[in-house]
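Below you'll find the structure I mean.
Chain IDs A, B, C and D follow the sequence of writing; residue 1 opens each chain.
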Amino acid sequence: MLALDSVEAGYGQAKVLHGVSLTVEPGEIVVLLGANGAGKTTTLRVISGIIGARGGVTFEGRPLIGMAPNRIVELGLLQVPEGRQLFADMSVEDNLLMGSHSARAKPHRARALEQSYALFPVLKERRTQKAGTLSGGQQQMLAIGRALMAQPRLLLLDEPSLGLAPQLVTAVFEAIRRSNESGMAILLVEQNANQALRFAHRGYVLEGGRVVHRGSASELADDPAVQRAYLGLRAATA
Amino acid sequence: MAARTAFQNLAGRLAIAVGATALSLCAHVAPAAAADPIKVGIVVPLSGAQAGSGELVLRGYRLHIDEVNASGGVAGRKIELFTEDDRADATTSTSAVEKLISQRGVVAILGSYGSAPTTTGSDVSERHKIPYIAAHAGELRLHQRGLRFFFNIHPGGPPRDVALATFFAEVLKPKSVAGLHSNQAWSIEGMKTLATALKEKAGVEIRQDEFPANTPDMSGQLTRIKAGKPDLVSLYGLDSDNATFLRQALELGLNPRHISVLGDVRASKAAAGLNFDTVLMCDDWFVGLPGAENEKYERLYRTKFPKDTPDRFAVKAYAAAQVLVDALKRARSIDGQGVRDALSATDIPTPVGQAKFKEDGQRLGTFVVAQYQKGAPVVVYPESARTSDAQLRNWRGFR
Amino acid sequence: MTSSSTPGGTLLALLPWLVALAIAAAVPLFLPIYMQRVAVTCLMFVTLGVSWNLSGGFAGQLSLGQAAFFGIGAYGSMITAEHVTSDLLTSIVVGGIVAGLCTPILFPAFRLRGIYLGMATFALGESMRVVAEKVFPGEASGLHTPVVFAVDSLAPYYWALGIAAFTIAVGAWTIRSRLGLGLMTVREDDQAARSIGVPVALYKAIVFAIGAFATGLAGGFYARYLGFIDPHSVFHLDHSINPVFVTIIGGIGTELGPIVGAIFWVILQEVLRGLTDTPAVNTIIYGLLLLVVILVVPRGIVGESQAIWRRIADRRRGRRTGKEIPVVAD
Amino acid sequence: MLSFEVLGQTIVNGIAAASIYMMISLGLALVFGVMRVVNLAQGEFMMLAAFGSFWLFTLYGVDPYLSMVAMIPASLLLGYAVYRLIIRRLLGADDINQFLATFGLALMLQGIAQYLWSADLRRLPYVLPSLEVGDVTLAGVRVVNIGVCLAVLAFLAWFLGWTGIGRSVRATASNRMGAMLCGVDVRRVDATTFLLGTAISAVGGTMLALVYFVYPSVGAGLIFKGFAVVILGGMGSIAGVIVGSLVLGITEAMVNVYVSSQLSALVAFAVIFIVLVSRPQGLFGTAR
């Protein structure tokens, strides 16, 4: 469905990705692990067309590099970015409606809004409130809800659990799992590797802009090197 | 073959060009022959906010000089004009005058529009001992500098202010007067003189108000004046200010018995569409002023610019050019000193009245009050120049 | 312009400047009087540009209100000349000092950056003009002092050259001092500069005061040179915009930029004056130049030449710069 | 002097001025809000439209309120050219460069206008009867101007609040990256916003021609009033523009009548300086 082949990218002279290759198949949840600065967010930005890159990025066989971000969204490839990128001074409902901006999502707008509200009832309660006044967890729900409004076929999630209380993290992951069950593929970037691996089908580990490990979720969870690097602290505290 | 011909052609032209240059160099070195043109410089604003007025001043100068040249020049010598733009700006004016004198070698400068460029321009020309004749600069301080090579066609403010005050006191007899002047020095000075004279002659105080010159909006000032319900409003401002005043006075319902302004209200392009009837105006010249000199000026102007009404900036410039040509004819030598001496002895008729300079270089002049009646100005004061009686009904506003 | 620690090295670094100064000193001997006046204008542009470049270019503090200091300097020197002493040097220096002492009016604006600082300083400059027009009403009742220079005197040129050379020297010293290094960190980021111990407010105050002093000197000289000033001419917006203009054309943040920019612009203006008698064309060219320089060669004449020179040098050394990865901002 | 009539008249004068200030500030605020570009040439769009209406009336007798509408498509053509050739390249550029490039554009347009039509001050000779409300006189054209201004505000409220593209404009202004990730073609939003600002300024140009002088640098004088309004209201805030314009217009009128006409020219500059150094986010902006 999505395939990255030796992608190189960076900002100005500073190169961040040195040849990243990965794939996401339909209906899969794939997790991208790595330390800060490993290039996870940059990878997602390349896929969404926010920054340019060299190498191959294809979505259902279609090359994405050089395509404008709005056209990529039209293909059904959506990102819930790091930091959520909500429209803080617009209402919750306007934020959700912005999610179905694309031509392919617009006809299903009313139904999608219903679904989002069903998934996150708290958003319905606060539909006229400004997005900037929501709590962190509610904002994360709104960000996911907004992305779901676009009827994505592949959802890119950047650190959805960042800064959330544990019970909210569970709620967010639950919502993601439900979306996946309805057929949506998911590429997830997480620092909370423990939880992510429990929940994903496959995973990749990025280090210094390169893929250093790959495999099924259970393989990675059992890999001693991965354990040492990403699960160690969690394992010790758990 | 064709190429060769072209080459020969080019070579021939080059030879001619070189020869001509050499000749002109010789001519330059040779002492001035009698048929050499007399060089005269003009500095006027041709860009910036005063460009429009500068353009008219330039018209006036050219109108007379072209005529003199067409009829053979001065003692067989043509007058050659060099024009520089000074943007009505004090700094630019100095380099413009400098360029005319040191680069072009002019023997006299016909001056700018406005007091600031005239001040600095005449300073430079004084240092070179070249006469500077101003056509439109009315400030008192210009003549308090002790310059010897500075002459001014403009008779200055006080004669105008006193004439106006006398007219108010003798003819209008107003009970309450509002004075509105721009923030420029000439305007502040003028209003002060007017107020003093009116106090003296009629015992009436003028309530004064100020606005920035060229303002597009006087509604604040007019609101204040309207509350005072004066029966005469006297405005001291630029042409555009006259137009703004009349228009906004009408819009805001300010309708005093009499309105008096300086210059010709119709002069500003901003005055289009206004009805001027009964508006009083004070100046030293108006269209249709009787006298042979003015008839000639107006005839010339209408021939040259058939679409336009003879202009009041142009007429002063025209008079300045007349004065210069007259001095050139009388001068013992065509150089700065010779022309200066001749200028100081000037005594000729011009469209704006007799031209005769005081010790300080300012022309002695008289002012008249005119009124728009049925779309044209008629002179209503003083008695000696009167062509019609003043109509004392209220101003009506727009057409 | 690398300076070396050895005295001989310093002298060697100074050599090109001294040669340039000698050439500049000889130039007016070959110019007609009118062109000398043009050259004086050019040197004033150099002074204003170099002093603006200190704060605007090297410290990244966009000031659009230098006309305030120019005007204050002009009035300072004229009032001194009228009431205290007509000595030229004294009155000009007083003009500079008064302008420098007025720097504190900028203090409240120091916490602003970029365009906001630009607008605040612009507002300040224009306010000064309005206030001056109120205090000293315009036109010829501006201040008038007896003219100092004879008609064909070369003195104005050398005065202007002296002020320009002084400003260039002070500027060069400033950017090589600790102050200059500190200011370059301020240009990148106020916060970061503060965190590494740069006294940001003090440094800004000093660099603005130096600029104000030099601008005030120029204003003071201008006033005495002309013998006449009014608020309209000395507080004119042009004195705020022209320094920025010549610096941008020449190359912002480079030492030679304002100098090259000033010479280029003055010569271009004279050429244009010869070609057309329609003054609006001058305005059009001014605007077009600004637009083209910023969109096409934002580093200006000097900055761009340096970049080209560096590229040529790199190629000669056989070093190959890697192709930049395209970054799409939107 | 402190009579009710004078006060009432002064406030009305202030509101009439505010209606013009709003027209230039809306363009500034929209473009800044969405693109973070300060467009100094906004005033020149107004100036060109003012000349357009002036000439249509002077040469062909076209009613200015008709030519106001005709100016919109004309200004869109110019606005699109300016957007493609200049503004788009300034996205994300240095403050100084944005400022100077648009300043250069402003000067160029002024120069062209001066070349074509000279620097003369002109006035569009068009009048409507005045209205008398008690002792307050309302100039006809100013009343209509205020009406046009309200219509523009109503249109803008509808456009931004009730249309999809309007929602995209608000979203892009609020969070550019977020809008891109929602599939918004931000370049189209940029162009739309810029053209919207241009069209509003064009309408404002005709309003200007009806009450002010028409001359090449008329926009340059107004742009600083626009800055004062936008800074006072908070950069990029539409509500801020409305309140800011009224505050500036009425304050200027009050200072003019009750203090000094010369000092009223100071109000805008004082507002810029004082607001920037004391509350840079303005009345309606949020701290950034």
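In the analysis below, a contact is a pair of C-beta atoms (placed from the backbone, for glycine too) under 8 Å apart; a residue touches a chain by one contact, two chains touch by 3 or more.
None of these values were measured; they are calculated from a predicted model.
**Student:** Quick one: which chains contact chain B and chain C both?
**Tutor:** In this structure, the chains that contact chain C and also chain B are D.
**Student:** Please state whether C-D or A-D has more C-beta contact pairs across its interface.
**Tutor:** It is C-D, judged by the count of C-beta pairs in contact.
**Student:** Just by CA atoms, which chain is the most central one?
**Tutor:** Closest chain centre to the overall C-alpha centroid: D.
**Student:** At what distance in angstrom does the C-alpha mean of chain C lie from that of chain A?
**Tutor:** So the centre of chain A lies 52 Å away from the centre of chain C.
**Student:** How many Å are there between the centre of chain C and the centre of chain D, using C-alpha atoms for each centre?
**Tutor:** Here the centre of chain D sits 33 Å away from the centre of chain C.
**Student:** Using Cα averages as centroids, what's the distance between chain A and chain D in whole Å?
**Tutor:** Computed from C-alpha means, the inter-chain centre distance equals 42 Å.
**Student:** Where the centres are mean C-alpha positions, what is the separation of chain B from chain D, in Å?
**Tutor:** 37
**Student:** Using the touch definition from the top, which residues of chain B touch two or more other chains?
**Tutor:** 47-48, 51, 183
**Student:** What parts of chain A, by residue number, touch at least two of the other chains?
**Tutor:** Chain A, residues with two or more chain partners: 50, 69.
**Student:** At which residue positions does chain D touch at least two other chains?
**Tutor:** 114, 180, 186-187, 260, 262, 265
**Student:** Considering only the defined contacts, which chain A positions touch chain D in the complex?
**Tutor:** Per the touch definition, chain A meets chain D at residues 48, 50, 68-70, 72-74, 78-79, 81, 84-90, 94, 97-99, 101-102, 105, 146, 150.
**Student:** So in the complex, the part of chain B that touches chain D is made up of which residues?
**Tutor:** 47-49, 51-52, 55, 183, 209-212, 214-217, 219-221, 223-224, 226-227, 240, 243-244, 247-248, 250-253, 268-274, 398
**Student:** Which residues of chain D touch chain C in their complex?
**Tutor:** Checking each residue of chain D against chain C gives 38, 86, 89-92, 94-101, 103-112, 114-115, 176, 180, 186-187, 224, 227, 231, 260, 262-263, 265-266, 268-270, 272-273, 276-277, 280.
**Student:** Considering the complex alone, what residue numbers of chain C touch chain B?
**Tutor:** Of all residues in chain C, those touching chain B are 32-34, 37-38, 41, 133, 137-142, 144, 147, 150-152, 222, 226-230, 232-233, 277, 279-280, 282-283.
**Student:** Mind pulling up the chain D residues that touch chain B in the complex?
**Tutor:** 1, 3, 5-6, 9-10, 13, 16-17, 58, 114, 118-123, 125-127, 130, 132, 137, 139-142, 211-213, 215, 217-218, 253, 256-257, 260-262, 264-265
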